[in-house]
Amino acid sequence: MFGALLVAGIVHGLIIGLAALAVTLVFGIARFPNAAAGDTMTAGAYAGLAAHKASGSLLVAGGAAMVASAIVSLLGYLLVFRLLARRPVASLLVAAIGIAFLLRAALGLAFGHQQQVFQVPLAWPVEVMGLRIPPMDLTLAGVAACALAAAFGVLYLTSIGRQMRAVADDPDLARVSGIRPLRVMVALWLLAGAAAGIAGLMLGVKTIVSPEMGWEGLLTAFAAAILGGIGSPAGAVLAGLLLGIAQEVSTPYVGFTYKIALAFVVMLAVLLVRPRGLLGRVEGLR
Amino acid sequence: MTLSVRGIGRSFGGFRALEDVSFEMPSTDLLGIIGPNGAGKSTLFSVVSGFIAADTGSVVLDGRPLDRLGAAARARAGMVRTFQVPREFHHLTVRENLMAAAPDQTGEGLFGLFLRPGRVRAEEAAIGAEADAAIEFLRLGAVAATPAGRLSGGQKKLLELGRALMAKPRLILLDEPFAGVNPVLVEQLIERITALNTRGIGFLVIEHDLDALSRLVPRLVVMDRGRVLATGTPATVLADPAVREAYLGGAVA
Amino acid sequence: MTITRRLALGAAAGTLALPNVVRAQAETFRIGALNPITGAGSPYGTGMQRMIQAAVEAINAAGGVNGRRIEVFAEDTQTSPQAAVLAAKKLIEVNRVRAILGTWSSGVSLAVIPLTNEADIILMHTSGAPALSTPPANARNLGYRFQATNDRFGRAFAEIAVREGFRRPATMAFNNASGIGNTDGFRRAWAAKGNQNGEHVIYEPNQPSYRAELLRVLATRPDVIVMGSFLPDTTIILREWFQTGTPVKWIIPGWAANPQLVQALGPAVTQGIIAVESVSNEGAQAFAAYDAAHRRAMNNQPGAANAYAAMTWDMATTLALAIEQAKSFETAAINAAIRQVANPPGDQVASFAEGKAAIAAGRKVNFEGASSVLDFDQHGDVTPDFGAFFIEQGQINRRYIVKI
Amino acid sequence: MEAYLVAIAIIAAIYVLLTLGLTLQYGLTGLVNFGHVGFFAIGAYASALLSLQGVPLVACFAAAAAIAALAAYPIGLVALRLRDDYFAVVTLGFSETVRLVITSERWLTNGVQGIPGIPRSFAGMGVGMPGALATLGAIALVCMAVALMLRRVVRSPFGRAIEAIRDNEDALRALGKDPARFKIQVLALGSALAGLAGAFYAHYITYLSPDQFIPLVTFYVWMAMIMGGVGRVSGAVVGALLLMLFLEGTRFLRDLAPDLISAVDMASVRLGAVGLALVVFTLFRPQGLMGDYTRR
């Protein structure tokens, strides 16, 4: 039972981790919690669903989800967030909520409110070291691992990725060192969007696709991003996994309702001890 | 009655911003801190005033260690700072800015506000009079009712000084008080600060404008790359070859 | 402040202007269709609303009630009590409706019924909560329930579990009034038969995974899992269950185990699921008429796909017959006539036109609806029969009927 | 018709009360509270449960405000050490946790089945128009009293300090004042207003269930505040009225032109319009309809 819950937790955690990655990238660089990340995921899920219906291939669906979410994410930046760059965090937050609602409304109008599902073949579990693992979990874990590898590749191996991390570390320092902010921001929003898109696709394949799906998971993604330390991609993924596993494994003890609150409680506990999150740097004294 | 800064060290990531910084000053005195860009002056200020935690070392005011106190508590202990870029409360008028700085107001708690209205009124009148006095002292009368966000840079510096005064400190930490201020106002500031000093308020001043600073303070601490390079009167310090090398570069040499 | 006043006046003027439009029309009998178009009830709400309208069309085509046409005003409850209260206020106060038909969730019905009582009009609903039968909610006996109570559903589940020879049932409930009502009803009925209840799990909506919930239940090795669930969560749970490879049988309410579920999961996963539903009165003529209307209005979907739509169809017809019978538009008279036209004895009639003719001929009628035979007890509740449907090779086949 | 207008006015007044609380917290102090609905829920349930125990309604209302304020205290203690954006997420999480507790603790709240039959305010005057008018009168009086109180607070030393926090928290700290002390009081007072609004809501709707307290309600209040004018007491009133006009107006739109848009799509359109209003006002008129708060 514990092993099975662990497997479920890891897959769940990878989805949270990807969503948290999208949140933390924006949080670290554009400096506000992007409440539209959840609905960006939903957009990715619908794009993936359409592509999957047309092609029957999960790979094509993944590509479509990434592209669609990346475009949605970039549009949000170009049309709204860029114009609010010098405003207080609250303005950006409220605008993000607005964009989230707009996106959800648009998806509801375009696709209706009825649930839709990915028609993927379901199979019986495979035995790995005495653990019965559903093949779908393996596929999804593989997809997530590839997506994470690609995202970290961009962040750590390319010049634009290094620039992004530099801006995340210290925006002022980065400005004087001649990094062109617009290029970095465009790359950032594209990358964050693509990560959200894959997260949306995975959630859609695992569960069902509906206009509300992304919004429901947003709080957990926020919790993971904060838990991992704002602006720390590795921290976000780690925290996502931690929360996913904690939610699944703890349910025998805390019950099925409070498992949702667990993410929040863990986040609060960590913030009390380490106000900057798990992998965030501790600075300042208040 | 002294402020003593002992062995302060602070790093950011791999970068050592401050390393074993120590100096001492009578808390009724005037002391200047100079140094080139990146010497760690502002970081030192933030550490002393409690906005940034030190990795090592200790700050002691009048025999009381302040290291475990936050910024607000250090201010209450008698040491109030200003900021390099003025941080006026831009929606409040100049007078309101000054009144907001007065300590221990009954009306700053909701219970006091609603349960002891008489006392709040009396305090307001007293604080208002105090603020009016400060306005007159700083010659801000013309803008007393103007929202602080609309003041000129120099006026904001004066306002910051006035706000610090309203908090009734023993020691004021001024972060580049002359930066971006026109020469006439600089003279006025120097004169006002000196006047305040004669009333027994100490000043620790970071400044770029060596000339103005030399006329204001009798003693200087010179910093470079996070360390204290020299301490002494402006004349002796500026004669020090190491200081000329580091701070003035080839210009004087 | 000038802007405030201008806006407020503008708002008031805007709303006040509307009733004139309404008043300009000929004298009609007005009813409100208050359905869950959006929110949790959205899979059913549109069908419910359309079937009220379709039934009213048929009634008006047959000459209306007491010589008046029925006029329908439709509102969305958003499946939210607050929105429903304002919608009901609007229907009552602005549209001046004389009955409200088709509130769906218990929360909404419980919030709306004080208003209908206060306005002295009839409320016909499809909610399961037992509280709606008795005072204070139904203090004036103006509330009518066209759906079986959750408790009766649970009893039907237990009958079927016994008949299928299950020994160790576990239960899983969606955490809302209906989900818990169904499983609690089952557990009570099962225990009353002298049996031992198994594991019971209440789960939250909108979870990305129900594995922990499932594993908890499956660990107790039940031979059947009885669900109080809805479509989205059932879809996810069955998917996860299939991938665990553990054999178990399922008893699921018909609103969750429906053609959409089969379409989402395919025949392999859904094989052998027992769906339980209050059977629409399918043999009846009324059902044929309803089914045809449903197919016309809902893009050729069969009427059996939405049991609530059959109930709202019956609501409109029952109300219209009662008005004919009462020969009055007064609530008290209509209310007194509802059981007269719906309960035996009397000539069985299947449509408004047929009933109207019989009433005109001075005969006592007994309306047999599309959703059930529609006999109301002293609380205004119906006791429909339940069908046990088995999903086999992707087809949902009815095996037998359970009477409680 | 009149009763419908009264019903709308009562709900609008409840939103006014909620918006006044948020105006104090965000408009005047800069606290990004995304968990307003949590305190609304606490007030509603507290008052409902107490009244069902036979406690007189006036005491229930007072208790609702007090309990909501008490609930805000520990949250403030923890959360106000955090950055603004963390505070937003923490409060959002808090309100969801409140909803989960209401859902789970059936012994207290009857869980998802909800609490029916909550005593109606002014039930003694009958359930019809007189009672509704009395309720409206009472809540209007409370709103006015609260608005006057807020004006008093704004012009007080406390108001000066919280506006200083909004303008520059560090500068206030440098002057020896601990912003957290003010923020906790602001959070508690704003939450007390939300709790009071909850009590009015409970005794007007007479039925409570957890699904009435979703985060969307919080964002409705944000929308009202932003449209009306951030930091203005009059803005809260205008914003709440606009919100109701918008929420209820869509009903009449369909009465006039039923074929224009289906009810299902209308829900999406309504949500989209909330979103659009939030974005457009933030972008182009951050000071709201009632103008800049510096010129109060």
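As written, the chain order gives the labels A, B, C and D, with residue 1 at the start of each chain.
Definition applied: a residue touches a chain if its C-beta (ideal position, glycine included) is under 8 Å from a C-beta of that chain, and two chains touch if they have at least 3 such contacts.
Quick caveat, the model's predicted, so the values are computed rather than measured.
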Looking at C-alpha means, what's the farthest chain from chain B? C
Can you name the chain whose C-alpha mean lies closest to the mean of all the C-alpha atoms? D
In whole angstrom, what separates the CA-based centres of chain A and chain C? 39
So what's the Cα centroid distance for chain B and chain C, whole Å? 73
Roughly how far is chain C from chain D, centre to centre by C-alpha average, rounded to an integer in Å? 34
Just the number, please: Cα centre separation of chain A and chain B in whole Å. 45
Mind pulling the residue numbers of chain A that touch at least two other chains? 113, 257, 260, 286
Please output the residue numbers of chain B that touch at least 2 other chains, ranges allowed. 51, 70-71
Residues touching two or more other chains, restricted to chain D: which are they? 100, 103, 173, 264, 267
Would you mind writing out the residues of chain A in touch with chain D in their complex? 27, 31-33, 80, 83-84, 87-91, 93-95, 97-106, 108-109, 112-113, 211, 219, 222-223, 226, 255, 257-258, 260-261, 263-265, 267-268, 271-272, 275, 286
Please output the residues of chain A touching chain C within their complex, sorted ascending. 1, 4-5, 8, 11-12, 15, 113-115, 117, 119, 122-125, 132, 134-137, 203, 206-208, 210, 212-213, 216-217, 247-249, 251-252, 256-257, 259-260
Chain A-touching residues of chain D, taken from the complex the two chains share: 26, 30, 32, 34, 78, 81-82, 84-86, 88-90, 92-94, 96-97, 100-101, 103-104, 173, 219, 222, 226, 264-265, 267-280, 282-283, 286
Chain B-facing residues of chain D, complex: 152-153, 156-158, 160-161, 163-164, 166-168, 170-179, 182, 185, 189, 293-294
Note which residues of chain C are touching chain A in the complex, please. 38, 42-43, 175, 201-204, 206-209, 211-213, 215-216, 219, 231-232, 235-236, 239-240, 242-245, 260, 264-266, 268-269
